[in-house]
Each structure stands twice: as C-alpha cells, then as structure tokens.
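A, B and C are the chain letters, set down in written order, and residue numbers restart from 1 in every chain.
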C-alpha cells in the first residue's frame, strides 16, 4: 500500500479528477493560503494553480523557513561563522540567503569553514570528529525540523559533546496564522495546514484558530493529488459555511501528532517571541533553549551581538508573505530582484513565493 | 516547509544511546534517526525530514478524506455513465 | 672510463629517487620531472608526437584536411573527490573534451593535457588516473600528443587539476551549432539524466546516502559519428553538463531564438536518481551529466535517430523528449503530466539541497 516517492505521473488521473471536482464545487471567489514552502514549490512545479478555476486564488504564505529567518539571525550566523576555530553548519538553502552585506557563501569564500549538512545529526558527528573546533548548527525551520534539532541536542548532552552548539532561529506556524488572520487587511479565507508540521504537532492547536476566525483549516500533503484533495476539502467547507480543522493527509498525520517528538521539543525548547523577516515580531512564535540546554546556545557561547538592521524599502516581502500582495505586484520583481540577486527573502529560497513565481511563472 | 519523504526501515541500531536506522527510499539508502519514532519496526514506512523520522506512516487515509474520495469516485462513475458536467 | 660518476651540479644531498608522493622537485623540470613523466605518464600515453620529447607535437594534417575544418575545444577539470563511482578525474578530463569536440559534429583525433599537481599527491593515485585517461583515450580512439605537468606547493591546489584541449576534424559542409534549432525539430536526449551529480554527491559523503548510482562519464564520439553517418541534417548537438538539461536547452533557445517544449513524462530519469533528488530536494533537470547528448533534428528523422542511438551502449535509453515549437520567443517550456505548463530558466547559482 504505502509506496515510495514516485514520479508524479502515477497520480495524474486522480489529480485531474480532483481538479474537475473543484471546478464543479467552487461557485465564489476564495483565497486559500498554503503556509508551507514545500507546498508552494509543488504547486508551482506541477502548475497546479493552472488546474484551478479562476475563482480559486492560492496565496503563498510565510512557509519557507529560510525566507522568514530574520536578518539579525543571519548577521549573527555570519559573525559566528567568521570566528577562528569555528565550523559553521547549515542546511543548504540557507547559504544563499543574503544578510545586509553578504551571505554564508561569501563568508566561506573569505575563509570561514561553512559546511552544508543534510541533518543536524551530521553536525553533531562533525563536532565529534573535530574535538579541537567549535561546531555550530544554524537551527532554522518550522516544527517539522525542530524534533531533529531537539534530538541532536539531547544526544549531544547525553554524550557530553561540548564543542557543539546551535544558533536558535526556529519558528512556529500557529502564531503566524493568528497574526495573518488578525491583520485588518487580511484576505485569507482558509488555510492549508502544512502536512509535515502536523505530522509532528498534530492539529489540535489549529482548532481554536478555525473557530475564533471562522476559518477552515485542512491538513494537507505535498503530492499533486494530495494538494488538490486538501484544496477541495477547503472549498467544500467554504461553500457550505463550515469552519473546522480537517485532515487530508491521514497516511502521515494523526490528531495528536508525534508525542515522543513533542516531549523532546518541550524538554529542549520553550516558546519565545521571534522576529520574522518581512513581517516583524510575532509573539511566542519562536523557540529558544530552556536553561538546562542553554550551554548549547551559540549566541551565549560566542558573545555575538548583531544590531538590528533595516530591510529594503522597495521590497514588499511582508505583503507577499501575508497574502496582501502577489510577487508580480512588487516593483522590483524580476527587475532589481531576481533569484541571482535577491532583494527580499521570498526570492531567495526555491520555495520562496517570489522565487517560485519567478521560476515557474505560467507560460502565458 | 519541509521536504519529507517516505522510506522503508531496513535496519535498526543505536549510536551512543540514540536510536538510528537505515532507511530505503526506493533504491537510495540513508541513515535516519528514529529517536522520535521509537516504536517503529523493520519493514514499516516512516516519513523522513532532515535525516529524522517524523512519523510512522499508516496505510489508511483519515475518515474524512476517504469519505470525500468516495464521493468523488461516485461522481466520476456517474459522469462516465453519461451524467456529464452540470 | 664509463665507471666515473657523473656529477650534474653540486647538489647535496641528492634528492631521493623513489617517492610515494609528488614533491615540489617533481615540478622542477629536472631529473625528478623526467622520472615522473617516464614512470607515470609515458607508460600510459605513448603517441610518437609525445614520446619524442620535443616542445610541441608535430602532426601531419595535410592528407586529412582537404575541405575539412579543425575543431578545437578546451576544458579545465576540477572535481571533488577525484575518484567516484563510474569514473575519476582522468576519465572525466578526457571525455569532457572529447564530447565537446564531438558535439560540434567533428571527429576528435588529438588531445593535449596539462596537470597541476599539489605537492604531496600520492604517485600511485596519479598513475591510476593516467591509466584511466589512457583507457578513455583508447575507447574514444584519440591520442594524447602533448602534455605538461606542474607541481604547486602544498595547500595551493586541491590535489589535482587537469586541463585538456581536444582537436578534431569536421567534414566539409557540416554545420551543427546551438543556433540551428528550427520549428518542427524534435529534441532527443541520449539517456537518463542526473547520474553524474548524484554519484559525485554520494562520493563526497557529507549527505550520507548510498544509491549505487554511477557517473555516466563516457566518450560520446562513436555515438555521434554513428548518428551523423545515418542522418545528415542534425541541427544541434550539445552535452548537458553543468547546469543540466534545462540550462543547456535554455542556452539553445536563446542561440536559435526559438521556443522548445518538453514533455516531462518522457524525460528519462533513473529511479534511484529520482529518489535521491526527492530526498535532497534537487531537480534532476538541473543536474550535470558527463555522458549524455541533446540531439535536435527534423521531426521526420527522430525515429531513425532513436534507432541508431539505441545501438550504442551510451544511447540505450535515448528518447524524444520535446520539440521546437515556434520562433516567437526564446524560452523553454515544460508540459507536466497534468497538462499544465511551466517555464524553465537557467540554474541560478549553485544547486543546494533543500530542507523544504
């Protein structure tokens, strides 16, 4: 039954049937936000928005973890990476995100030891095999990525790996949804909740949001048929005037989520206010280290202090990330701002809404 | 956010007290930490993100999805029988 | 009187004659250099033009060049690690340049090679690479006619760099170039995509996966000459190396001023490559290939071309993947299995594994 990831052709018939059904069911204009870079990427890669009727408008929310990482965190990362004796490790897509003057690639070109890892556990291994170096991992990402970082820190603590630390920059989805729905110019009628975030956290924490803001939220997967299933379920709710949390990704997500992972997260992290690039500070939307793990905090260990930095004034990243504007609405889109010289965060990552638009813009 | 792909557990072991596994992703194998899914058994599928298993996958869709997909199938059957689009 | 020791110059002490590693002295131009050349390189590279030991190769082209043109291509090869599944820097350095000459429609004949070797490089590895180059040359049917070695101080180069220049002869009247794609042409790729990049990524080890995927590094000149012997109106030949299929085709659309439309479902990608790409968040259309060619030719000739390509082991999985549709705009389109279309652009910067 369960199968490996396969090429998208396998589900094309089902996907087209779902698209037919969406066209049949949708009678009014609806704005649906996916808040997951992986979903944005898949929508653009397969041109799924082209399968939808014109009434259905997909808004690409602040779901790209490298895009929402604040300038200050990036500046701090650059300062730490450039210290002697440091091996700075990061997920690959973070290396190209520009700070105020350079990115981690630039730091590497000027002599910093910056390495791409696939997993934070790899960073711990690098620390073990380089006992004379300080190994720092740039802890970015949403709830999906947090268990891997928590488990790595628990492993590092248990094995007394003292030359390992993290730069904490993780963010949480529900506070971001609350911030978007609370905005006076909110345009979003419903949300696709990120399937892999919910694999970890379950979806009970979305129920109060659905109720308070009368906003349907559907836990959705990533393959074309999974995405259209989530969209169809969302439209069903919108058309019938219901607003609850539904699960369209049952093969992976349960209501309670992964309890072991949640316990690990709570052991290591606590909610803190966090700055989102292009959006601003969202209360209790980030994770900081609990005191039992504060020895692993690279900010403390390296005593760095990145002063607050202003973002580009032309770039409308914040409006794009909250669904108030689409990437082509930006005066800089495709001109001053391209994937090779990004002004704003959403042009940086391949999942960033602007980069996805730029790369996969419709043929006509 | 977050690239996650299903793979099959083919080996389970420990590294310094942390539960690890070897996972097969359709011809590609990789070491995956299963500390967050300690209940997993060899042969089961897990959803893997950044070298960590996020959840053990089930063969079942959630009830509401099944209901919706059944509706869809009925509708398509009707269409095939000559119902056409309204 | 032959017993008298020969003193070349007052050197004290004399350098050790037997090294396991390349030393700075191997780049001196003196005895050690000669020893390195005779022990490592001339053992495997033995075209008379090279072994004569002159400053340059003297090649008699007179009998061959009536109406023909000389095609020259050069390439520097840097790869980490130097050895990987399916090849090594030596095979890569030969095949890369052979293929560039072959993609012009020419028959590659001669190669020059220059080595930049970091002090401390193991001589047994150097010999292994020389042997690999020699067998790649034998496979391609070309000869190394000039070569050079330089040794850098430790830390000033990453092990070994190899530059090669290839020379080939182009028959009269044959015009194959990136600006020759025309509406009505079919686009063919000679095999599955992305294997080279995945093999290299696996060999580097830092992404911690095992795939069994081998690099496709191979000389394609026999494949292209068989094709050109059968079909005389091939418009474009190009090898999709760095930047992959998508970047290379974007270049062609710009050179020819045409739109190319690809059919995603028909693009051959091996399952383990697809799985590795899914896992790492890479797009196989942007991964490098070192043994694949893009062939663009009139649609009517496509099935004959596929038939010819499939008779060569390097063309076994050849497939028609798209067509040149019009001349309104230079762009590359991809038709998905869902009937939707997206625009493919060149690769921006380095392709990075994604977490999301």
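Everything that follows uses one rule, which is that a contact is a pair of C-beta atoms (placed from the backbone, for glycine too) under 8 Å apart; a residue touches a chain by one contact, two chains touch by 3 or more.
Please read all numbers here as calculations on a predicted model, not as lab measurements.
Peer 1: Which chain would you call central, comparing Cα centres to the global Cα centre?
Peer 2: Ranked by how close its C-alpha centre lies to the overall one, first comes A.
Peer 1: Between chain pairs B-C and A-C, which one is joined by a greater number of C-beta pairs in contact?
Peer 2: A-C
Peer 1: Using mean CA coordinates as chain centres, what's the subunit A-subunit B distance in Å?
Peer 2: Subunit A and subunit B have C-alpha centres separated by 20 Å.
Peer 1: When the centre of a chain is set as the mean of its C-alpha atoms, what distance in Å lies between subunit A and subunit C?
Peer 2: 38
Peer 1: Touching two or more other chains, which residues of subunit B qualify?
Peer 2: In subunit B, the residues touching two or more other chains are 1-3, 5, 25-26, 49-51.
Peer 1: Got the subunit C residues that touch at least 2 other chains?
Peer 2: In subunit C, residues 208-209, 274-275, 278-279, 281, 354-356 touch at least two other chains, as defined above.
Peer 1: Give the residues of subunit A touching no fewer than two other chains, as numbers and ranges.
Peer 2: 4-6, 36-38, 63-65, 91, 118-119, 122, 141, 145, 351
Peer 1: Along subunit B, where are the residues that touch subunit A in the complex?
Peer 2: Per the stated touch rule, the residues are 1-8, 16-18, 25-26, 33, 35-38, 45, 47, 49-52, 54-55, 57-66, 68-69, 72, 75-76, 85-86.
Peer 1: Name, in rising order, each residue of subunit A that touches subunit B in their complex.
Peer 2: Interface residues on the subunit A side: 1-6, 17-18, 20-21, 24, 36-38, 63-65, 91, 118-122, 141-142, 144-145, 147-148, 151-152, 154-155, 158-159, 194-197, 199-200, 222, 229, 232-233, 236, 246-254, 257-258, 260-261, 264, 351.
Peer 1: Per the contact definition, I'd like the list of subunit B residues that touch subunit C in the complex.
Peer 2: Within the complex, subunit B contacts subunit C at residues 1-3, 5, 25-31, 48-51.
Peer 1: Of all residues in subunit C, which touch subunit A in the complex?
Peer 2: 206-209, 264-265, 269, 274-275, 278-281, 333, 336-345, 348-350, 352-356
Peer 1: What residues of subunit A sit close enough to touch subunit C in their complex?
Peer 2: It comes out as residues 4-9, 12, 15-16, 19, 36-38, 41, 44-48, 50-51, 63-66, 91-93, 95-96, 105, 115-119, 122, 140-141, 145, 224, 338-340, 349-351, 358-363.
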